[in-house]
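Shared between the two complexes below is chain A, which has chain B as its partner in the first and chain C in the second.
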Partner chain A sequence: MDPNLLIDVQNLRVSFRTDEGIITPVEHVNYRIKREKTLGIVGESGSGKSVSTRALIKLLPKNAIVDPESKILFNRGNGTEPLDINLLPAGSKEIRKLRGGEIAMIFQEPMASFSPVYTIGNQIMEAVRTHRLSSNSPLAATSTVGTHISESLKAKYNNVSKKEARSIAVDMLRRVGIANADLRVDQYPHELSGGMRQRAMIAVALSTHPSILIADEPTTALDVTIQAQILELMKELQTELGMSIIFITHDMGVIAQVADEIAVMYLGTIVERGPKEAVINDPLHPYTKGILRAIPKLNNLGARLEAVGGDIPGPHERPTGCPFHPRCPQRITKTCDKLHPERIEKTPEHFVRCFLHL
Partner chain B sequence: MLRFILQRFFGLMVTMFFVSIMVFVIMELPPGDYADRYAFRKYSGTGVNVTQGDIENIRRDFGLHKPAWQRYGDWIGGIITKFDFGESFAFETSVNNVIGKRLWLTLAILFCTLVLTYLLAIPIAIYAAIRRHSIADYALTVFSYLGLALPNFLLALLLLYVSVTIFDSSVGGLFSPQYEKAAWSLAKLLDLLKHLVVPAIVLAWSATALQIQTVRATMLDELNKLSVTAARARGIPEWKVLLKYPTRLAINPVVSTIGFDVNRIFSELPIVALVLGLPELGELLIQSYLDLDMYVAGAILLMLTFFIVVMNFISDIALAFLDPRISLQEG
Partner chain C sequence: MNNVNLLDVSNLKVHFPIYLNGLFRKVKGYVKAVDGVSFSLDRGQTLGLVGESGSGKTTIGRAVLRALEPTEGKISFTADGTHVDLATLQGKALKQFRPNMQLIFQDPYASLNPRMTVRDIISEPLECLNSFSRKEIDERVREIAGMCRLNLEHLRRFPHAFSGGQRQRICIARALVSRPKFVVCDESVSALDVSIQAEIINLLMDLQQELHLTYLFIAHDLSVVAHISTKVAVMYVGQFAELAPTERLFFKPLHPYTRALLSAVPTINLETAFEPVKLEGDIPNPANPPQGCRFHTRCPYVSSICKEEIPQWQEWEAEHFVACHRVDELN
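Right after this comes the complex of A and B.
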């Protein structure tokens, strides 16, 4: 595996058992995350953005089935074999070590992601004490996943003490730009403002120094000024801590600011993926072109907004062939409605699933 | 927090003041008073002609001639300063002597029932919510609806029958005959607990059924909260996630309804006590009303409401400790 790659998802397919039968909201999904880079995933609600990233830590509802053929390779570095996360059982210790320890996650609703009855500090310290080894332990520097340290040795150098965890929490809150961190640490989520809560949520996620942060619409619930601050903060912390980010959003404007690579999702498939500049300046898929045209332009505010025609179909009425064909202005009859388009590498690293680019 | 407790305590005092007035009004409500009853009992069939003056004298002897507000003052003053609930006319001794023993036994049944209810309902409900739609979940739901549907006296009779025929032990009363008059000892305490089990089961079943439904519903809500997903995403072990996040909040409705549970147990207790032959307060309350023995009735009403109000106070305080959002809003 390319040492620059952190995660390589191959042919991900997630289905759900429901009362009306099995639905498959995510199919044919391939994406890769490079070390210290940001992958932006855009798509409408229901396009499978969250499901396809939550599969990375098996954080899916009980009725979800991840196709055993799918591969989620996690590159642990130092020349070791990549770990196929999909082979690990959902409740296993290895998965728990990945969750929060290596792959951290923040969510859209900062208020709801905290439990209202525990202090911010309590929830940061919980993450720290679950994953981090004491700084005076010789094992602290090494990664907790995949290293060949015996369990007995680990038990000897216990996880961090409460006091140490608290100072890590305060330090972390300070680093995400929360003033009076030593007071804030003992406050409850409802005593913080919306922007501060999202900062605190980032502090929880990053307190364990994960190698990748999954940010599931982290700025959607915030107003534009706070949004800009949070995006700036995430960028700073990314360089500081050297981590990768998966940034999920439905906002093309946000993705243009943060991403190095963009994946455009439609109905559970990545229809186009490539470097940011290529996707924005030279979009290949009709859907990408459509949503880029839909962005309001400052020099033409009086004009009617352009929309991608039609609606996203429900989970039980997935179109045959290319999922986008019923809404596609350039569809080729008898091709697009019959066959599923294969992935085509148009220019290096710029992929598209569309018959127009055969 | 201290301020919150003081506020609630002040509320408790105000409530008890109004309750005492209401209790006194209720004491006065039945037509006639004990003087009439006494005269009737003493002289009926003896051929003695009782005049209005005689009754007036009896009334004076009992202190019933004073105006209502003065009697209220004497009564409540005695309770507050000397913990003296007045005289029982029918038993010709102080009310404290009459209700004392029964009060402790009623409280014993109350606490046994509450403890049993919560020990059963909370773990069962949480298990049912986690294993939602499993056979165990459905079985527990059926079981708890049975508890809601079965009348208490029927259940009491059933358990009485079962314990006599199968276990060959009498569950009626509070003590076995050999301990009835014995001094308190460990053996006697165990005997008491043995006798408390049946009334506690009878009274706890419907309460448990209700609480299971409440806790299970809250737990299901809490399990779907993003904060639970977020805790899982932090890599916290599943059992710890469940105990720390949803369970803690699912207990809130139980804590906030302790007062209601006490209320329900008090209203259901007399019937169960009648079936099982327990000497508790409810039965005495009815008897004292029939005898127009108003100070006994008043003392019992006051004690029962006092426990409900106190349990409500405790549940408020406990809730404030459980949920930090509550005391802040009062602030």
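Right after this comes the complex of A and C.
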């Protein structure tokens, strides 16, 4: 595996068992994340953005089935074999080490992702003590995961002391730009404002020094001025800690500002993926073109917007063939409604799934 | 019909009391959600209202519709040549006046009763008036449904059968069935996906042309507001910071807060660098707003006068209002 790649997802397919039968909200999904880069996933509600990233840490509901053929390769680097996360059982020790440790996640609603009955500091300390080795541990230098080390040895040296964890917590809060961090650390989530809570959430996620951060609509619930603060903070911390980010959003503007690479999802498949500049300035898929045109722009005030016609189909009425064909202005009859388009590499690193580009 | 004043709001205040716990529930203070706001709106115009959460946008909308009792101020509404002061209208007179103004909500999933058919939902505002026969109601429901691009087949179904965009069209039909003159759109397109949002914005603009409607359009998405509004007001902690015709506000903003807000909007334009003006700290609590200019705690150009005196609401250029002490120096 290319040492520059951190995660390589191949042919991801996730289905759910429901009362009305099996639905497959995510299918034919391939993406890769380079080290220290940001992949932006953009799509409308129900397009499978969250499901396809939650599969990385097996954070899916019980009725989910991830196709065993799918591969989620996690490349730890330093010469080790890549790990296929899909092969790990959902409740196993290994996955629990990864989740919150090497792969961290922040969610849209910061109030809902904190426990209201513990202080902010308590919740950062919990993450630190679960996932980080003490700085005076002899194992700290060798590996943060330590799968090859015996359990008894780990129990002896692993734990960060409470005092140490607390100072890490204060330090993290300071780093995410919270004033009076040593006071804030003992406050409860309800005592912080929305923007501050999202900063604290980032502090929890980054306190374990993850190699990848999954940010699922982290700024959607925030106001624009606060959103700008959080986006800048995430960029700063990314260079400082050298991590990769998967940034999920439905806002094209946000994705254009934060991502290095953009993946556009529609009804469970990535219809287009490529470098930011290519996708925005030179979109290939009719859906990408459609949503870029549908955004109101300041240099064109008052003109009619070009809407993408039709409605997004529900999960049970998924069209056959290309998922976008019922709304596509350029559909080819007897092709688009019958066959599923293959992935085509139009220019280097710029992929599209569309028959128009064969 | 142009340039006919429809709505003239002056010095509108809405204060919510905060009660002490205990036997007598003594009032210990007020949340000044809206604190002295003035604007006027002509027929066929759209006033866009932007601002961060908690700045009082929704409260203004509700006070104008008299879903809330204003604490102070005048709301004069001109309909069919008669003036009424909505702030003092009460009882029967208010009820008779209500069909003239309507509200479209944000979330089309939460604002439709799942147990009513679409026809019943749309006709309810008329049923409430008790002055139409069944036949008239049916006719008007069909007419407005057609205008909102719903077909007759849809009228017999229940809301669950519809997608988000279709549901929002049902909400719009319900709001317009009583032939209002003034409609408050409170974040009406914010919950929709971009591909659907564009369609609803187009529909709202078409209906405005056809029915000569006046909108108060509340949203936090600045590019949507810019697109639909004739003029735009920027709110900050219960007061207006700036009010101007759309193009002036977006291309020649005067107030430091407006500039910061505009710079913070991420755009898909990759050629211009994204450099948001850094605003320190958080939005102040409207129960305890800062002394002087309310923006002084976060303003990059703060001076000593800003901390003490409340800036005047002045007309800096024609139609362009701003409340800032240093507007002359900064522009």
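Here is the rule we use: the second predicted complex is superposed on the first by the 352 of 358 C-alpha atoms of A that agree within 3 Å, B and C clash if a C-alpha of one lies under 4 Å from a C-alpha of the other, contacts with A are read in each partner's own complex, and residues count from 1 in each chain.
Criterion: contacts are C-beta pairs under 8 Å (C-beta built on N, C-alpha and C of every residue); 3 or more make two chains touch, one makes a residue touch a chain.
Predicted model only: the values in this text are computed from it and were never measured.
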item: Chain C versus chain B on the shared chain A, clash or fit after superposition; value: fit
item: Which superposed partner A:Val117 touches (first chain B, second chain C, both, neither); value: first
item: Chain B versus chain C as contact partner of A:Ile280, first or second or both or neither; value: second
item: Of chain C and chain B, partner touching more chain A residues; value: C
item: Which superposed partner A:Met1 touches (first chain B, second chain C, both, neither); value: neither
item: Included angle at chain A between vectors to chain C and chain B, based on C-alpha centres and rounded to the nearest 10 degrees; value: 70
item: Touched partner set for A:Ala104, first chain B, second chain C, both or neither; value: first
item: Contacts of A:Leu59 with chain B and chain C, given as first, second, both or neither; value: first
item: Touched partner set for A:Leu356, first chain B, second chain C, both or neither; value: neither
item: First, second, both or neither for A:Glu44, with chain B first and chain C second; value: second
item: Touching partner for A:Ala294 - first (chain B), second (chain C), both, neither; value: second
item: CA minimum distance (chain B, chain C), superposed complexes, angstrom; value: 7
item: Chain C-contacting residues of chain A that also contact chain B; value: none
item: Parts of chain C lying in touch with chain A, wherever the complex brings them together; value: 52-53, 163-166, 193-199, 201-202, 205, 220, 222-224, 226-227, 246-247, 250, 260-261, 263-270, 274, 276, 278-279, 282-283
item: Complex contacts: residues of chain A adjacent to chain B; value: 57, 59, 91, 96-101, 104-105, 107, 109, 112-118, 123, 126-127, 130-131, 188, 190-191, 201, 204-205
item: Complex contacts: residues of chain A adjacent to chain C; value: 44-45, 193-196, 223-229, 231-232, 250-254, 256-257, 276-277, 280-281, 290-292, 294-298, 301-302, 304-309, 311-312, 314, 327
item: In the complex, chain B residues that touch chain A; value: 225-227, 229-238, 244-245, 248-249, 322-325, 328
